[in-house]
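First the structure, then my questions, so here it is.
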Amino acid sequence: VIRLRAMERDGVLRFPVIAVNDSDTKHLFDNRYGTGQSTVDGIIRATNVLLAGKVVVVAGYGWCGRGLAMRAHGFGARVIVTEVDPVKAIEAAMDGFAVMPMREAAPLGDVFVTLTGDTKVITPDHVKAMKDGAILANSGHFDVEIDLPGLRAMATEVFEARPSVQGYRLRDGKTVFLLAEGRLVNLAAAEGHPAAVMDMSFANQALAAEHLVTHSKEMIAKVYRLPEDLDREIARLKLATMGLAIDTLTEEQASYLASWREGT
Amino acid sequence: VIRLRAMERDGVLRFPVIAVNDSDTKHLFDNRYGTGQSTVDGIIRATNVLLAGKVVVVAGYGWCGRGLAMRAHGFGARVIVTEVDPVKAIEAAMDGFAVMPMREAAPLGDVFVTLTGDTKVITPDHVKAMKDGAILANSGHFDVEIDLPGLRAMATEVFEARPSVQGYRLRDGKTVFLLAEGRLVNLAAAEGHPAAVMDMSFANQALAAEHLVTHSKEMIAKVYRLPEDLDREIARLKLATMGLAIDTLTEEQASYLASWREGT
Amino acid sequence: VIRLRAMERDGVLRFPVIAVNDSDTKHLFDNRYGTGQSTVDGIIRATNVLLAGKVVVVAGYGWCGRGLAMRAHGFGARVIVTEVDPVKAIEAAMDGFAVMPMREAAPLGDVFVTLTGDTKVITPDHVKAMKDGAILANSGHFDVEIDLPGLRAMATEVFEARPSVQGYRLRDGKTVFLLAEGRLVNLAAAEGHPAAVMDMSFANQALAAEHLVTHSKEMIAKVYRLPEDLDREIARLKLATMGLAIDTLTEEQASYLASWREGT
Amino acid sequence: VIRLRAMERDGVLRFPVIAVNDSDTKHLFDNRYGTGQSTVDGIIRATNVLLAGKVVVVAGYGWCGRGLAMRAHGFGARVIVTEVDPVKAIEAAMDGFAVMPMREAAPLGDVFVTLTGDTKVITPDHVKAMKDGAILANSGHFDVEIDLPGLRAMATEVFEARPSVQGYRLRDGKTVFLLAEGRLVNLAAAEGHPAAVMDMSFANQALAAEHLVTHSKEMIAKVYRLPEDLDREIARLKLATMGLAIDTLTEEQASYLASWREGT
């Protein structure tokens, strides 16, 4: 999506696109609750590490990163967050997590997970500073978040420690473990997102496709988000399948909210 | 702010307004972390109730509501969330809170707090269903969130139980306790927000005022948000005062993020 | 161990036994942190269920049960605890969990896990009251905690839904899912406890065996616990391997603690 | 109680004593849930500090210390635990808290609270290493946990910053703040324990007094704990007042637990 927006900016996007990742029912749930659980799941299946008492370094405090921070903490890990955005960094701090640059986190972490959508978030310099036995994983986007060519260049030996776990024996005698060859650890080492979050994501894709077909006349070559009423409709259906009921605004409440005339 | 937007919509707003509540450094922090702590603080100072093991009903899962839910849970309470927005309701459920309509929550709660910005969120019908000894408070906006005239009409006696705590003896023999006469409990019964969140809010107001003066020519009678670069500058200053450092994008990383050409 | 104590009471125990499960370094860690993580892990591997927003019913709030309650909550589930011990029940309530008898929890739960060491904790009557799709697992002791003969008698069909997951089609049309045939779900569907907790357990067994050999003369046919200094020695070694240092009492502090003469 | 045990050991205890602090319904609740909430309450009332994003150093991970750690964390603080007991130190680590000696924690903390029952837990050397503005409080026992004479000797000026808050201007230009003159901060700056935990403590004292009178003949000059059946009776009554019901062992379950004959 970051790339489609760049294409729109450069004027090279040639058809309308609905960025379903912008839907509340997609990014709030799939990215946060789905990625949070499935990333922890992937790490534990690959390594059988006990997270309680471990230091987990979470690179990036977007929806995916905060999902992982929440779940790693929920399994008893101490979480360090690295960020480039000062607003997200304060949020992480006020959510109770340690915040510091990666170069300071490197010697403290037991497990490192990148969820930034960016490149070279973990570099050979960081790896040099890590503890023997450190575990590296990516749950963000492509396998460029950890600098793999850099890592390979540091290693005297690469060996299969367990399925989905490669040991990198480094020149200084330490070994670090790379999960799923730096690809998405929740897809490679676990089953990806549970059905309970994917249903909303698929609903988004289906309704987006239908919307593109039925409104093709009015739409131009632009990145849209799914109309808000469809987004909420998905939420309403999901609530029902969860067996949850909520309140409805009375007319008096709706008009109170809408009006500036009362109350002041 | 809800009211100013209504005025803009009605064409009766006569000057530019910067809605500082829209700034990330305002609504993310002041409303969530400030209201969360100060509301719990206000309730405990007023009542000295032990929250551990109690059921706290949080009406509204906006930033204030989720701040309170987080802190009440952090003090050992079980939290029930009531909402009218299905997206927020699913979020509350996936954050681990019970979600239900107020009429179902009424007989279960020990403490009820409204944070909706709306009116008559707690009605006489709800109060009738409550347990003897239930505690009612508002930490949202005006003293209309709990229907006070309705509550008074139900009572055979109103007495001062403790400072900031009024007992309402009801016709059916039960007593419920209203904190701070339905006004903001964190201001009335505690000291309001700690300085550590208010500094960002005041910075928003100061920079907004300056921006209005220096850009008055270009601005029309509209509700603006503070320019994003000022918002981030406040965050950057705040981080520094917290003694926290963060990472900076390298040129390679910034251009990777900006470009759609690499990586696919 | 419960059984060995019963044998001691009945006078039929014929040799000294060291109940390593009584060691702090065993029951506090292995049972709580090990079982907590590995039970959640086993349930997710077997079912790929998203725990966020689900209701997990934990039968038994001993060390295993509170480990699971803590980790299920840490994954976003709402936890209901069932207990027979009033002290543990209040603890569960003050730790923020719902507490109720199993017959009230039955219609509310999405996932049920028994960790009691007892028999028939989940009966056909409970299963009758459950939701369609409920998941049943045991992480306590033997496969008697869920009444399996009773469950089989209720079913019109038993089918393999996924590996380690049996679907029981019930006469009323609902299906419930039994994990690992009612055996320990963390051993059957995951890898059991992580090495990081088992090391302390194995150290307990090794030191207990050595202690039995070297002190066989003084010991009678009784259930002992590992001498406390060995227990603490294991903890000290574990701390060192975790890279953690702690404080040491100064002479002044040790004598202050030991003496009643000062301070009052 | 530590002192009464020392007296018993020294043979100078002259009458039977029931250490009600040993009752489960006392130490598990009053010390943990009561102290946890009231200590945070005392600190916030005295200082109005925002705990979110702050580092709180908790000296001692007994019941009081873990109560405070739990609640400070619940308010968004990062918690560092200092301990002298290796078992408690591992527990703290696996509960997700940082563990280190006080001399390492000193430069990191924003708020320091002692809950050890010991003396000179915070010394002038520690204070020298602290940040400007650090807050010191005691919630353990006597006002000897922080070395007050040592602190005074370091100060060029002592001033009343707010009620219950003394500023100590140090020779190096920094100021640290001492709450409640080093006495119990939850009693001095707040209202002490909420009634909801004190009721169980008072019940313990009342039943202990009655037990001493009715069983005076059989009891010798020793430190007893309250008989377990009375302890559980208190728990049962408390549960009822909380409106909570629990399960009861069936005869089959009770005999299964008691017997070693079945199940293996």
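Order of writing sets the chain letters: A, B, C and D. Residues in each chain are counted from 1.
Heads up, the rule we're going with is that a residue touches a chain if its C-beta (ideal position, glycine included) is under 8 Å from a C-beta of that chain, and two chains touch if they have at least 3 such contacts.
Everything numeric in this text was worked out from a predicted model, so none of it was measured.
Asker: What shortest step count links chain A and chain D in the network of chain contacts?
Answerer: 1
Asker: Have a look at A-B versus A-C and report the one with more C-beta pairs in contact.
Answerer: If we tally the contacting C-beta pairs, A-B comes out ahead.
Asker: Taking each chain's centre as the mean of its CA atoms, which one is farthest from the centre of chain A?
Answerer: Farthest chain from chain A, going by C-alpha centroids: D.
Asker: When the centre of a chain is set as the mean of its C-alpha atoms, what distance in Å lies between chain A and chain C?
Answerer: Here the centre of chain C sits 32 Å away from the centre of chain A.
Asker: Please compute the C-alpha centroid of chain A, do the same for chain B, then give the distance between them in whole Å.
Answerer: Here chain A and chain B have centroids separated by 27 Å.
Asker: Find every residue in chain D that makes contact with two or more other chains and list them.
Answerer: Residues 33, 52-53, 73, 76, 90, 93-94, 242.
Asker: Taking chains as nodes and touches as edges, what kind of graph is this: line, ring, star, complete or other?
Answerer: complete
Asker: In the complex of these two chains, what residues of chain D are touching chain B?
Answerer: Going through chain D, the ones touching chain B are 33-34, 36-37, 40-41, 44-45, 48-53, 70-71, 73-76, 131, 191, 193-197, 242-243.
Asker: Could you pull out which chain D residues touch chain A in their complex?
Answerer: 52-53, 73, 76-78, 90, 93-98
Asker: Would you mind writing out the residues of chain C in touch with chain D in their complex?
Answerer: 2-4, 6-7, 10, 24-25, 28-29, 32-33, 82-87, 89-91, 93-94, 99-102, 104, 117-121, 141-142, 144, 231-232, 235-236, 238-239, 242, 244-250, 252-253, 256-260, 262-264
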